[in-house]
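As structure tokens, the structure follows; a few thoughts come after it.
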Amino acid sequence: MQESLLQQGLDITLYGMGIVFTFLLVLVICTTIMSRVVTRLFPEAEPVAASPVSTPASGAAGDLRLRKIIQAAIEQHRNRRR
Amino acid sequence: MQESLLQQGLDITLYGMGIVFTFLLVLVICTTIMSRVVTRLFPEAEPVAASPVSTPASGAAGDLRLRKIIQAAIEQHRNRRR
Amino acid sequence: MQESLLQQGLDITLYGMGIVFTFLLVLVICTTIMSRVVTRLFPEAEPVAASPVSTPASGAAGDLRLRKIIQAAIEQHRNRRR
Amino acid sequence: MEHITNLWLSSGAYKMSSGQFVMILVGLGLLFLAIRKNFEPLLLVPIGFGGILANIPGANLAVPAVEAAMHSGDAGVLGQIAQALGLGGFESMQGLKAALESAPAAAYERAAQVAQDAGFSNGMLYNFYSVAIASGVAPLVIFMGVGAMTDFGPLLANPRTLFLGAAAQFGIFATVLGAVGMSAAGIMDFSIADAAAIGIIGGADGPTAIYVSSLLAPDLLGAIAVAAYSYMALVPLIQPPIMRALTTEQERKIEMVQLRVVSKREKIVFPLVLLILVALFLPDAAPLLGMFCFGNLMRESGVVNRLSDTAQNALINITTIFLGLSVGSKLAADKFLDPKTLGILALGIVAFAIGTATGVLMAKLLNAVSKTKINPLIGSAGVSAVPMAARVSNKLGLEANPHNFLLMHAMGPNVAGVIGSAVAAGVMITMVRAMTG
Amino acid sequence: MEHITNLWLSSGAYKMSSGQFVMILVGLGLLFLAIRKNFEPLLLVPIGFGGILANIPGANLAVPAVEAAMHSGDAGVLGQIAQALGLGGFESMQGLKAALESAPAAAYERAAQVAQDAGFSNGMLYNFYSVAIASGVAPLVIFMGVGAMTDFGPLLANPRTLFLGAAAQFGIFATVLGAVGMSAAGIMDFSIADAAAIGIIGGADGPTAIYVSSLLAPDLLGAIAVAAYSYMALVPLIQPPIMRALTTEQERKIEMVQLRVVSKREKIVFPLVLLILVALFLPDAAPLLGMFCFGNLMRESGVVNRLSDTAQNALINITTIFLGLSVGSKLAADKFLDPKTLGILALGIVAFAIGTATGVLMAKLLNAVSKTKINPLIGSAGVSAVPMAARVSNKLGLEANPHNFLLMHAMGPNVAGVIGSAVAAGVMITMVRAMTG
Amino acid sequence: MEHITNLWLSSGAYKMSSGQFVMILVGLGLLFLAIRKNFEPLLLVPIGFGGILANIPGANLAVPAVEAAMHSGDAGVLGQIAQALGLGGFESMQGLKAALESAPAAAYERAAQVAQDAGFSNGMLYNFYSVAIASGVAPLVIFMGVGAMTDFGPLLANPRTLFLGAAAQFGIFATVLGAVGMSAAGIMDFSIADAAAIGIIGGADGPTAIYVSSLLAPDLLGAIAVAAYSYMALVPLIQPPIMRALTTEQERKIEMVQLRVVSKREKIVFPLVLLILVALFLPDAAPLLGMFCFGNLMRESGVVNRLSDTAQNALINITTIFLGLSVGSKLAADKFLDPKTLGILALGIVAFAIGTATGVLMAKLLNAVSKTKINPLIGSAGVSAVPMAARVSNKLGLEANPHNFLLMHAMGPNVAGVIGSAVAAGVMITMVRAMTG
């Protein structure tokens, strides 16, 4: 049965890798279509940036972050009161 | 057995509604008595307002709320240290 | 069997108390050795104080504590974002 | 090639039934309502998602091991299961399913052991349902959290509003009548237990509805929960026309006297008074109202803020996630796509409408017999649907009179409605058990 | 009319026994102590509330399905249960209860299946108890959280204080002797397992007491837990007179040398040293001390702050809620209203007093044999009752000498007492099992 | 004296086997790596600690009641267990263990009842393992939390990176081949299920590895989880040499175009698209990817922030604690100290290396066929090991070109790798079941 075990391993490898690729290929296609449909049919006023370059928070950014933290703390507090 | 089913439904409705009213009537009575007993026998120095009219927090109220938030944050922090 | 019950109680008391003492004695010895080994072989640059005298937070200490609280809040906020 | 075939045969696209396809669309529809229309998203996001998961063909996420084994169609396993259930052997899937459904606990256990030995295990959502809902714990924990979030101050300042919460429960019982009427007319086939579980939709309280239907009609739980939460989200659409139709402009303008100050001590004692009354008169409402009072006592006592905070946050959130997914497991096509579901949806909206109407009418009745006037708009808040219904009362009050803030006044009947429907739940459980037991 | 009669017959007011009435008052009393007097409210609020719920007549919240079925009194069901338990048939409730209690697991399972088939289900509190306490998990998770909250710094700075924690455990063993003495004298009827479980009250540590009694004497768990937490709350009343009686003014004035700085590394290694010693010498203490050390390592390692925070907050709070309600389930009248409870309450306070005394005396003994003096007031902190006992030491120290801050010094024996009583628990579990085998 | 002897005989020092001693050292080693070297401490602290607890001799923390009963060696109990398992009587421990392992569910249940009647109970860690891992719930809940922490923005901005995530999964399948090759060569004795479970280490994703091995090879779970998390921690050491060897200086300098802005709506719809594809094509991946998509939808929908926060904090932390301790329970000496463990450790690192290489090579292939260039350094991030692998890509990018920030670009393949290994897991589970079922 040793060949059989090897054969099983080979089967898993070939079909497995094939299906992973096929599935992700289908996902790439569907995602691309979905993105186009969503972007064209339902354009948004306020897009959310993917923030490509994330440098360490410098002066101004730090200030902004601090403001956000305080806002978040206040929101969190209000939510807790609910 | 169709009559029986209808009869059962009618029974549930009549007795059910009766008991809901009776129970809440008893609760109204007990609550009223309880409130009087508590208010007369154990008057409190610092009553808690039921804050009847809740307008959106305006200037001063916002300040007060902010102070409370900060206090709460500090308390929360201390509790966590415990 | 009453004597037996009494005897059992006595056994638990004598052996129990003995083992509690023996175990904690061993723990004292091991802890002392451990502390010496750690302190000598791996001296630390930044030791952590056991804060022996804990008076109620006075002025300066309060400031320090507040600073710590704000730091903790910011850290907590950052962690949540992770 | 055989493997490709196997994978295709085990794929969802191959196995999907039209029912499952429809239910996946229903799940997506619930998600749309929750996310875009903000329909009770805390529950409908997990329910909708769970509904999709429950209908993934071949994944068996919502069924126990023994049903997964039956779906596999392996002849040997089917025969063993049939024997475990006391049948001579496997004859038809229908027959086996019927035998499983009516099997006594010991036989079911044996069948489950057969499935386990054959390598099958319970689906993820089935496990969630067993732990969270079948045991009764999740709705109770949510009720505890709701108790810890509830301020009985407005109710204590004006205890009369409890009558509004009582009156609005007529929606529940009218629906029970409607359901048995439908059965009597031969349109539907609801048992008395089904009718009671459907009626509770009119309670406008999610955990109560789930708790009652898990006890009385587990098969209908999915439809009942979906109806309850959907209509709660629709309260701003359902209630206003009824409220306007039943009140005059003059009545809607009534300004109510400012609520008296309620002391901390009254707030601490109230949940205990309610608990004692439940203990004395309604033991079957004890789990629901007991946990509710416990949550409220933790809140008001002021000495266990750690526990109260956790009950209002981490614990209720965790429970909500699993409760929602578990309810979703009852959206499996073979259970949900049934004419009964349409009946439930139809009866549910009637229940809300009637409860709204009787709440408003009770307020008018109270005005007729009492000197201190109540704005009848707060009567509709008696259906519960906290805090949506109270906000609707407030909004209509402001429309009629820009200085008329009814929110706090409407919170009284609103929380009274929670108590009222829990009481109604207790009564119905007792009576249905006596009738069917 | 029949329905009204049914509802009245199923109401609590009709069914309530005098024992249940008394226990509801006891529950309200515990809530009063917790809320007004601040007696360990985190535990006594849920315990007291759970105690009331457990005594709601007819609600069967604290019993399993099979006992609920027995309470229903249905002749057919009783007969089937009797047969499942291997009796010829139902003869008397007494006999059936005895058979159920002594039933082997397989027979109990069969009886439970009968009850399930007859439509009965486990009570809510019974389910909580099974999951939280019978499995042992809740006390262990709380111990983990306590470990994550414990700073061993003061103990590491002065390891000798471990002896104070050891000496104070004499309260445990003296109580064991007291309990068997009472039995020998015929006043009470405690088995050796009962005596050991009662003794652990003297450990002044809630989760340890619950863990040990869930293993050795589940029937006494309610009384033992209530005694343990009540007396922990009473530490500021119980300890001072004993401490004053056993020390001179001069001794109480002793100022202790400032504690040395303890490095982070020592704090990380200490829980591992303790764990290894437990592994080598006391496997039966491994669950308790293992989880305690795990919590402490999470705290001190500094690399898993997320987990440590959760163990100290959400997780311990959730567990406390269910632990408390579960303990409350053991306050059902038929178990709690027993002469044994009085014996337990009497023995418990003696245990606290003796532990306090031996802790102080050990401190004096250490002074007699050592150069570096210890203020004997910190000896009493060895009973654990963290951090109450350490605060009492500090308060009495300040009374004698306004510059004498003993709090940090007393934290050493205080946490040593936790270790000591967990060790004592392990020893007793091992020995009792060997004896009852 | 007898008691001292008993206590000594029941002490760990007396009973400890050399295997347990070694495993306690291994546990300490894992703690050292976690705390000092910061090796995935969130998992390795609980795993290491659980491993020590599981090897405390005589404490039986990691075994069920029936194995504890067998360890006790009581002749009467052994005989009863043998009979419950259908043997004539007790002959050898070996024989009894074999019978227990192959016992059908009903016989196992009977044996467990014998142990319960004899006073034995399940070990703490065994209970944790049953609830957290054997049921499958803990890895799924962690996956939900990871989903709620994942931002698919970078992936949606550049969907081609999904191919990198696919390519890197070749590490998984190469390892499967390696494992069956070892078996064929007679070096090891791995079944096809073992090989598949070992392969998943190459997925570089902890919960996926634990989920798959709990289904396919529970006995190897300890070694597989330790290998997966250790190698994930070693990513900064394992990957760079491979990445440098397979890329030219010029390729490493490639700057990538700034990612396009991704709208909120795309982010909401993406998890639903993924879910639908899973439902259609890969039902066996539905539990893992379903929970992942659910977590992500909670995050992106923006209407259930309460639930999303809890899934990312309290819930995932609680689950991590119990998951880690449960994995630790599989570090018991008799299971872990096996030549297979060495094989698993060897194969695991090969899996990581191959996955890294194929990810980089796929990036170069994409560059060969496409106009828009990809920096091949982000290919290695396709193994997942979020976010470590992406950081490694970023670091090597900065080395080659100080203005080259690859972090966000590498997050695309990084999360694609999570999806890829969950897909691979689903495929392998389906295929192995078809082969062995």
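The letters A, B, C, D, E and F name the chains in turn, as written, and every chain counts its residues from 1.
To be clear about the criterion, a residue touches a chain if its C-beta (ideal position, glycine included) is under 8 Å from a C-beta of that chain, and two chains touch if they have at least 3 such contacts.
Source: prediction; values computed, not measured.
Using CA-based centroids throughout, the chain positioned farthest away from chain D is C. Where chain D touches chain F, the two copies mostly use different residue numbers: shared numbers make up under half of all numbers in play. Note on chain placement: the centre of chain C and the centre of chain D lie 48 Å apart, centres being C-alpha means. Here the spacing of chain A and chain D, counted between their Cα centres, is 34 Å. With centres set at the average Cα position, the gap from chain B to chain C is 43 Å.
Contact with two or more other chains is made by residues 11, 15, 19, 73 of chain A. Those residues of chain D in touch with two or more other chains are numbered 3, 7, 281-282, 306, 309, 313-314, 427, 431.
The touching residues of chain F, when paired with chain A in their complex, are 153-154, 156-157, 159-160, 162-163, 165-166, 169-170, 172-174, 176-177, 179-181, 183-184, 191-192, 195-196, 258-267, 269-270, 273-274, 277, 281-282, 306, 405, 407-409, 416, 419-420, 423-424, 427-428, 431-432, 435. Of all residues in chain F, only 3, 6-7, 10-13, 15-16, 24, 28, 31, 34-35, 38, 41-42, 45-46, 49, 52-53, 55-59, 61, 110, 112-114, 116-117, 119, 121-122, 124, 127, 313-314, 317-318, 320-321, 325 touch chain E in the complex they form.
On the side of chain E, the complex with chain F involves touching residues 104-106, 109, 135-137, 140, 144, 268, 272, 275-276, 278-284, 286-287, 290-291, 293-294, 297-298, 301-304, 306-307, 309-311, 314-315, 427, 430-431, 433-434, 437. Chain A contributes residues 2-3, 5-6, 8-13, 15-17, 19-21, 23-28, 30-32, 34-35, 38-39, 42, 44, 47-55, 79 to its touches with chain F in the complex.
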